[in-house]
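When the chains are written out, they are named A, B, C, D, E, F, G, H, I and J in that same order, and each has its own residue count from 1.
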Amino acid sequence: MRKRATAALETFPNPAPGREYEIEIVQPEFTSVCPKTGHPDFGTIRIVYVPGKTCVELKSLKLWLQQYRNRGIFYESATNEILDVLVAALRPRRMTVSGEFSARGGITTTVRCTHVASKR
Amino acid sequence: MRKRATAALETFPNPAPGREYEIEIVQPEFTSVCPKTGHPDFGTIRIVYVPGKTCVELKSLKLWLQQYRNRGIFYESATNEILDVLVAALRPRRMTVSGEFSARGGITTTVRCTHVASKR
Amino acid sequence: MRKRATAALETFPNPAPGREYEIEIVQPEFTSVCPKTGHPDFGTIRIVYVPGKTCVELKSLKLWLQQYRNRGIFYESATNEILDVLVAALRPRRMTVSGEFSARGGITTTVRCTHVASKR
Amino acid sequence: MRKRATAALETFPNPAPGREYEIEIVQPEFTSVCPKTGHPDFGTIRIVYVPGKTCVELKSLKLWLQQYRNRGIFYESATNEILDVLVAALRPRRMTVSGEFSARGGITTTVRCTHVASKR
Amino acid sequence: MRKRATAALETFPNPAPGREYEIEIVQPEFTSVCPKTGHPDFGTIRIVYVPGKTCVELKSLKLWLQQYRNRGIFYESATNEILDVLVAALRPRRMTVSGEFSARGGITTTVRCTHVASKR
Amino acid sequence: MRKRATAALETFPNPAPGREYEIEIVQPEFTSVCPKTGHPDFGTIRIVYVPGKTCVELKSLKLWLQQYRNRGIFYESATNEILDVLVAALRPRRMTVSGEFSARGGITTTVRCTHVASKR
Amino acid sequence: MRKRATAALETFPNPAPGREYEIEIVQPEFTSVCPKTGHPDFGTIRIVYVPGKTCVELKSLKLWLQQYRNRGIFYESATNEILDVLVAALRPRRMTVSGEFSARGGITTTVRCTHVASKR
Amino acid sequence: MRKRATAALETFPNPAPGREYEIEIVQPEFTSVCPKTGHPDFGTIRIVYVPGKTCVELKSLKLWLQQYRNRGIFYESATNEILDVLVAALRPRRMTVSGEFSARGGITTTVRCTHVASKR
Amino acid sequence: MRKRATAALETFPNPAPGREYEIEIVQPEFTSVCPKTGHPDFGTIRIVYVPGKTCVELKSLKLWLQQYRNRGIFYESATNEILDVLVAALRPRRMTVSGEFSARGGITTTVRCTHVASKR
Amino acid sequence: MRKRATAALETFPNPAPGREYEIEIVQPEFTSVCPKTGHPDFGTIRIVYVPGKTCVELKSLKLWLQQYRNRGIFYESATNEILDVLVAALRPRRMTVSGEFSARGGITTTVRCTHVASKR
């Protein structure tokens, strides 16, 4: 899965690579499937990153996130995996991915993961 | 009570144990009983934690919180006890439990407790 | 159940029986039990009525609604029953009871019932 | 009480007596005392009227409503009485008084009364 | 005053005189002076009208409303006068002017006046 | 499709068949596929009905609506079809189905259909 | 202009021509140019219609509305013209077009026009 | 005044004295009297504290705050005095009292005072 | 101007001079005149300060701010000048003045200035 | 483009050059063209800066931002370019420019760039 997904993500050169600035992308139409019950899950994926040499192209990101539509995956795994794949594809200076999932049994869950590039 | 409650909480292995990330769980349908008046209390329980080796399974958490439904307990005790039981069950790196209780006599009360794992 | 419940409701004489006016009462802390799953349900009960000779005393209403706390009943039945009991106890000129229940499986349900006194 | 209160209300001539128009006055700082418990009640008084020959002067209305501050009176009585006194003082073509009282025991109450001048 | 004000209002031909349609104009920056206390009053003027042969030009309306800035006038008089002047200048099929004035002594006042052209 | 879908919808006897009352059901997690672009669509389905002899069982409704998840269908068709199937299954006295779809190209679309039982 | 615009609007057959139902389309990204000042105007175009034999295709509508981007036109003319063109293209049973334009000089303007098909 | 007031405040032992946690209490129904004009003032009192050995009992706090109802006192004095009395009664580790008073002459005032226990 | 204005501001002794606490005053009814266009400007003035030996009396502040009503001054100058005059009159430990001005040409402007007393 | 744009921006001397204070300017009516699809993009440009010797004149800023109306440019480039041009024209002590762009394909994007003057 990950390999295929990474392949599909397109990037373009950061137009201001010398500046440490922030890009925030919000996709409120994320859906996947609960591996336990088989019922669909719904949520908002929020990505905040400081780009390195490349930025993510929005249309390819939209299509890539659609791959989760019929896939069984838990909230915690999905959010961490999205961060892992985007970090591998973009090599950002810093990136936070949040998954804000809608209520199940009255309970709402949000997962927030951050990656910071190690300084060399 | 606590023993029985801890028993009922189910956990699953943290899918990203190497990353320090945050999970926020909100249950707006918490209810218990005021030990002084015998009337029901209502509130929202908010749990924010950085998982250690395990995460809490949401359905078992929902059921475990339902045990307070007919139990007499003060706001301050309930919030601290929920933190104590969850810390014992999950061994998180850090956890905050808030109890935001609805107005009584016009007065609204919120209790916020935090546990930080001691570093070894 | 209904008999016992009617008994507990207290009324007081309408202070303006000659005027057709409206009283709206909102109880956002209603809870009962789903007879199918055994899990608690939560909702808001909204009562709007034009009193006849009597008005409902608020504290007794609060206590009477608490009787649903551990009772298994569907949304549609609970809302209709609350209207039936209040109409029997108060003989209002007109009364609407709404039950606005919180989401289950992502789905929110509201039930709205009205009784109009027959003119004689 | 009523006599004294009526006396204090000041009016001024309607500047557009030939037009049927509406004046809405909202006082969100109304307070009285519950005659049963002795505790203060709080609410918003909303007055909507079509003036006849006179309009109510706002400062005198504010002072007149302050007379309820330490008086024991139920919601239903207060709202109807305010309507009665204002109708007597202003002779409006139509007037609605609403009392929107804050929650007690989780329950919120609103009382809405209307007077329409009889046509002659 | 009125004469001068009417003069300043500019109109333009209704681009769809054959259709009965509605134009709503909201000016939240209205200010005048209380003739009793000398203090400034603030409010929102809302004009909803069905044009006849002409529409009001917005910039001239803005300037015309600015003439109230340092003029002493009560809420009820201001709202009725604005309606009178606009009706005289535009001959609309129907017009409502509302003055929604900000709180004084905690009390908020709204005045709503309507003119309907007599059918011939 | 319709046959299979109707089959899956479960009903239960209306607990108050003698009263004309309203049930409102909101599912904010509806998703289907655009038949033109192949991209997923998202929206809220709102069902308001006056039941006849039967009410729709909520869990079966949730599952039935999930059948649209991977089906290509336009907004107007989906909303009308949901109304058709529910009317066939429930024989309500009156039913309105609304589909409130999220923005595409900045444009938001809502479709609202009503069925009223013919009186016999 | 109108001819060209009408040409570009695409329609598709109403999937439920036998039912009188409503479609609401909201485009919050409308912009044109003020013919007086040359500055851009911004607003929301809201279209509510009961379709006849055809519905408007959303993408073609989006593109058609973009033709106003660099065109000088007053609020009242734009809203009426959009209604005229859409009525000519779709022959709806009923249609309302609203233009809600953002503040200029502090003043906000909304124009609402309705067309009802003459019954034959 | 202060002596009497302190006497009336009841406390109970902190159920988690070993943990530094926060309790927030909001009373939106505070009223006192302006010593200058004699008119009532209205506001919200917000108390946030880290308890030491005792917590404040909510009902006694409600009653104690009611003592301000007919007392003339300025905003700044009331807020500071409430902090002083509560600190004397509870010996908290840290406490902030805010008084958020409603508009007078269009102007809203908030006073925020903090006490931190000196470390020994 | 400044001299006259300073003279008009009244102060009263800080009732808790030994405590570093905060007072926030919000006046949403500020208006001045644009020196370039001659049109009125509208905004909210927000003052947050830690008092020294004196506090500002609210009524005198209201009157003093009214002096800007017919004065031509730019946003940046007005906000800085209000801070300068208040600092000179009150000698606060710290003060921030914000001017939040309403939209002109669609553009909203906020100016925030802070003064911190030099430590001696 | 940049040269021409810089030329058009007008500045005026900072009225309080000795104080480090903040100016926030919000333009919610920004529009440009997507260089990929040719469709218009819409967004809000937010500029927060600490002025040096000059401030930006608002009307010239409005006109300068209008130059993007028919220009093809990506979000990331536009936001960085606006910062670059404003920094060159104003030499601020610190400036942040944010571009908050409306949803495309359900996805919302915000770009935030900061420039801090190097200390000499």
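As a convention for this text, contacts are C-beta pairs under 8 Å (C-beta built on N, C-alpha and C of every residue); 3 or more make two chains touch, one makes a residue touch a chain.
Here the structure is a predicted model, which means the values were calculated and not measured.
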Intersection of the contact lists for chain D and chain G: E
Angular offset of chain F relative to chain I [C-alpha, multiple of 5 degrees]: 180
For chain B paired with chain F, centre-to-centre distance based on mean C-alpha positions, whole Å: 37
Between chain A and chain E, centroid-to-centroid distance (C-alpha), Å: 52
Cα-centroid distance, chain C relative to chain G, in whole angstrom: 46
Chain E and chain G: spacing of chain centres that average the CA atoms, whole Å: 28
Chain E residues counted as touching two or more neighbouring chains: 28-29, 39, 42, 102, 104-106
Touching pairs among all chains present in the structure: A-B, A-C, A-F, A-J, B-C, B-D, B-H, C-D, C-F, D-E, D-H, E-G, E-H, E-I, F-G, F-J, G-I, G-J, H-I, I-J
Footprint of chain D on chain C - complex, ascending: 12, 14-16, 19, 21-29, 51, 55, 58-59, 61-62
Chain C-touching residues of chain D, taken from the complex the two chains share: 74, 76-77, 79-80, 104-115
Parts of chain E lying in touch with chain H, wherever the complex brings them together: 39, 42, 102-106
List of chain D residues in touch with chain H within their complex: 28-29, 31, 39-40, 42, 66, 69-70, 102
